[in-house]
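First comes the structure, then the notes that go with it.
Chain nomenclature is as follows: A, B, C and D, assigned in order of appearance, with residue numbering initiated at 1 for each chain independently.
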Amino acid sequence: MPDAAPLWATVVLPVALAVAAVVAAGFDAMLSGSAERGPAGSVREAGLRALAPLREALRLLVQRPRRTTAADRLLGRLGVVLVPVAAVLAGAVLPWGFRAVSDPSVGIVWFNAMEALAWAAVWLAGWGPNSALSLVGGYRFLAQGLAYELPHMFAITTAALGAESLRVGDVVAAQDGLWFVVWMPAAFVVYLLSALAMSFWGPFEHPVSRDAAGGAAAELAGVDRLVFLGGRWLLLVVTAGFSVPLFLGGGHGPLLPGWAWTLVKTVAVLALLVAGRRALPVLRMERYMEVAWMVLVPLTLLQALFVAVVVLNR
Amino acid sequence: MPDEVIFWVLALVAVAAGVMVFRFDSMARATYALLTSLLCVGGEVLLLGLDYLGVVIVLMMTIEMAIMAVFMVMYMMNPAGLMPMTMVHNKKGAAAICAAVFAVLAAGVLLAPWPSRRGRPSADPTMDLGLSLMGPQMLTMMALGLALFATIVATVVLATRRGRYDRFGDDLKARTPDDAVRGGTGR
Amino acid sequence: MDLRGALRRTAMTRPAVLAVTLPGATELRLEAEAEVRRRGWPVVDAPAAADLLVVCGDPASDDTPWLDGIERSMPEPALRIVAGESGQLADALDTARRDLIDKAATRRAAEVAEVAHVADVSDEPGGHEHGDHEGHGDGHDHTMGEVAGLPMAERGDDRDELRLDRLHVPIGPASSDWPAGLVLRLTLQGDVVQGVEVDHLPLPPSPRLPFWDEPWLRAAHGDEVSRGSAVRRRCAAHLDSAGRLLAVVGWDDVAARCRRLRDEVLSGASRESIGGDLRRTVRRVERSRPLRWSIAGLGELPADRARAAGVSGPALAADGDAHDRLLKWLHEVERGLEGLDDARPLAPDDRTGPRGRLDGPQPPSRALLDILPELLTGAEFACARIIVASLDPDLDELALAPVSGAAHA
Amino acid sequence: MSLELFLLLAAALFSIGLFGALTQQSIVMLMMGLELMLGGVIVGAAAVWHYIAPAAADGQVLVVLAVTVMAVEMVVGFAVVTALFRSREVDMTDMAAELKE
């Protein structure tokens, strides 16, 4: 059962998330490296490639910040900083084993509210520099938000419905026997899609994609860029990690202790997302929007209905 | 004691941001000042023990303001506020009216004999709310649902200029809609 | 050595590269891409993210202002190098890295530079200001004109019958995955392209033949060219175009594979060594339903319209949208695999280059440029980029005088 | 903290919102004033629930109502602005009034 986590967990949480983000980014860099330069010949070479994100972070720290003419620096800065902050705040309800930093009675809604902050953040980061392409990127994320948010909400509501509670700890407890992914597969898949969309990463990186010279990040340099793009990885880790308590049974599992199961499952989900990214081009919202509203929304509603009927008859 | 401090901080920020909404030249800043103010309102609601409603207010207002920013930039003059300008009418009269309204409200608040607290909040107010909406307040819930549905229909009708005859031809027989942008379901 | 200094040095051991290619420097671009990739330096797409600006080609004096603009909008420590001739690039990059490390190590107290430009720098100030628009009636005493030296947007009718702000945004010549030297002056409303003006950097008369068309042109001049080398060039050209389109579509993985294959084809890899990899990549693109879903219907160019516009080559043969053109390229590449090592001489009257017939009244890329406005108007920005990449005009060809034999074509 | 303090905050937000709604020419800005007013209503309703009748859910229902009204009001406002803008390029109340003449 959920216990309150000790105070030090508050400090450890951002660090743990950052480490996970670096590991995930390193894995991604290794896969990209083998696409660009062929398979790594040696373990050392592979290791060097995996270090690329850290090297990149150091490089950005050394870069001097820059600003653009007539920029709205206050809002731009706010947007940049809000991305990692939203990720960490959402991570506060993420149970590690059976303990989260905080397990409020409406944890699931809290998680959703914090990720909605990313909407505001990306738009602000795009608006701030007063540049056409970065504003285009900011708007793309709003469109993306409109497309993914509704199916996403229904997906996580389905998990809450299955557990008859909005508390994350209760959702984990309800999966003691059967994981939710078994009887809510549609919600799980939709959740994974929206996890990518929310962290505007991979197939959903249109707001920061190359065709608009980096979109919302087009004018960010130095530390700003590091915080923004690093925050994106944090968001990915948090949203991927949250699928574990929601659908994959949290810390439940044989033999290993709860924290180990959480770790294993989170790594598996992240690896799936990072590797799966290779198979997909970027999904543009003008196409995805229709799919989201015409297919995914009814699908998640049916899933929720099914779960509701099961819960009522149990 | 911490509650007291949080209350005052949130209250002052809410009021200050509320004032700034109408003082910023930049539409983006005005929108986000309003968001700040409403997030503080959400915080106060959390402080009063309504966890669910407080978080929902945070969630909804964030999304609402993010979308509002689009419309602001789309339709407003001078969205970035690069040129100082005023777009108000009847400022003095309005200020007088608002001061009077505030004075009356404040007097009412301070002078009214508020009844003392009856009952205790239940352990889970969210549950209360749900039971109430699905029970005695069912009518409210249904009315809200209908209103939201009517709003969706009405706003789409208002905002779009294209109907199904424009999209599927006069006899509605076209297999794919004639849209400016091709959608994703391949119809 | 202090720790901070050491960290600064380490940070710049792999500087981020922004490569800008000038018309006529395709060969240098390929060399630069291969060299940067070999070193594992990050390649970025905006000046804000870059440390090192690599200019491929010899900049004319007209090019200086916009190149300066890009350099100014790069965050310190920043450096620009010009790769004017092939074979010197490795040394130039080594020197640049050393300079960057020195620059980073001797950094002064941070003073923030103010840059006046957006990611895409053109040779004239573009109206990239999303600011005020024309007066809304009376009673508002504000003046129109410029703010902070930037012109204001004005309003105009748009696709959805809303009169919204118009932005004039020049795209190119420094965009990544973009035809070298091409400048499109877009009129954007939101991110919908409402108007396009096709322009390009000045094309200096060059003694060099357009890289992608070289074998056929040399054969036309009477030089002995083997069929194999012509096929190699065509395959590499198509792989280059496909890689570019896939990069714009955002499928980085396969784009990188196409580019690696392109370099291997050019460097003379045998059919056996690359055949398997190439076929796998082609199959992968062919079978990808998400890719088809994503770009089908973009830039529809039926054959009759293409022919009327003077388009020849794959864009005509594909007879369809961006996805068809991509598959056309890849199928031609796959077909060419057989003839990679064909030593027979190329017939002098074979004038079908990678982008179309070289003996027409105008170079094939000219026709591709001419149909751009028609295809781009009304498209969204992302779609416009995809359409341009799916046609991939080669501006080197514009400098080409009509090939002898064109008179009776 | 007391009921009075919360209600004073609610009154302040309401009055600021009213000021905005009365003075702003732009329809979108006017809506922002309305949103602020409703924000005041929310604080008031929640405070009354907490300090007077915590056992009943009526206060909470009022908050739900206010939040819904905010959403509806905003959506309708945008739709009206879009429609007006499409037909007349008008986004201000004064100008919409002039159209009547």
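As a working rule, a residue touches a chain if its C-beta (ideal position, glycine included) is under 8 Å from a C-beta of that chain, and two chains touch if they have at least 3 such contacts.
Source: prediction; values computed, not measured.
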item: Most centrally placed chain - per-chain CA mean versus overall CA mean; value: A
item: Selected pair, greater C-beta contact count between B-C and A-C; value: A-C
item: Centre-to-centre distance between chain C and chain A (centres being mean Cα positions), rounded to whole Å; value: 32
item: Separation of chain B from chain C, taking each centre as the mean of its C-alpha atoms, in whole Å; value: 45
item: Chain centre separation in whole Å, for chain B relative to chain A (CA means); value: 26
item: Residues of chain A touching at least two other chains; value: 70, 130, 139, 286-287
item: Per-residue multi-chain contacts in chain C, two or more chains; value: 130-131, 136, 147-148, 161-162, 190, 293, 380
item: Residues of chain B touching at least two other chains; value: 56, 73, 80, 82, 87, 161, 181-182, 184
item: Complex contacts: residues of chain C adjacent to chain B; value: 130-133, 136, 140-143, 147-148, 159-162, 164, 190, 293, 297, 378, 380
item: Residue ranges of chain B touching chain D (in the complex, touch as defined); value: 3-4, 7, 11, 14-15, 18-19, 21-22, 27, 30-31, 34, 37-38, 41, 44-45, 47-50, 53, 56-57, 60, 64, 68, 71-72, 75-76, 87-91, 93-95, 97-99, 101-102, 105-106, 109-110, 114-115, 117-122, 125, 128-129, 131-133, 137, 140, 144, 147-148, 151-152, 154-156, 158-159, 161
item: List of chain C residues in touch with chain A within their complex; value: 7-8, 10-16, 37-38, 40, 42, 44-46, 48-49, 51, 73-77, 104, 107, 110-120, 128-131, 147-150, 167, 169, 175-177, 188, 190-191, 246-254, 256-257, 259-260, 288, 290-291, 293-295, 380-383, 385-386
item: Parts of chain D lying in touch with chain B, wherever the complex brings them together; value: 1, 3-9, 11-20, 22-26, 28-29, 31-33, 35-36, 39, 42-43, 46-47, 49-58, 60-61, 63-65, 67-68, 70-72, 74-76, 78-83, 85-86, 91-92, 94
item: Contacting residues of chain A [partner chain C, same complex]; value: 31-33, 35-38, 48-49, 52, 55-56, 58-59, 61-70, 129-136, 139-140, 203, 205-206, 209-214, 217-222, 225, 277-284, 286-287
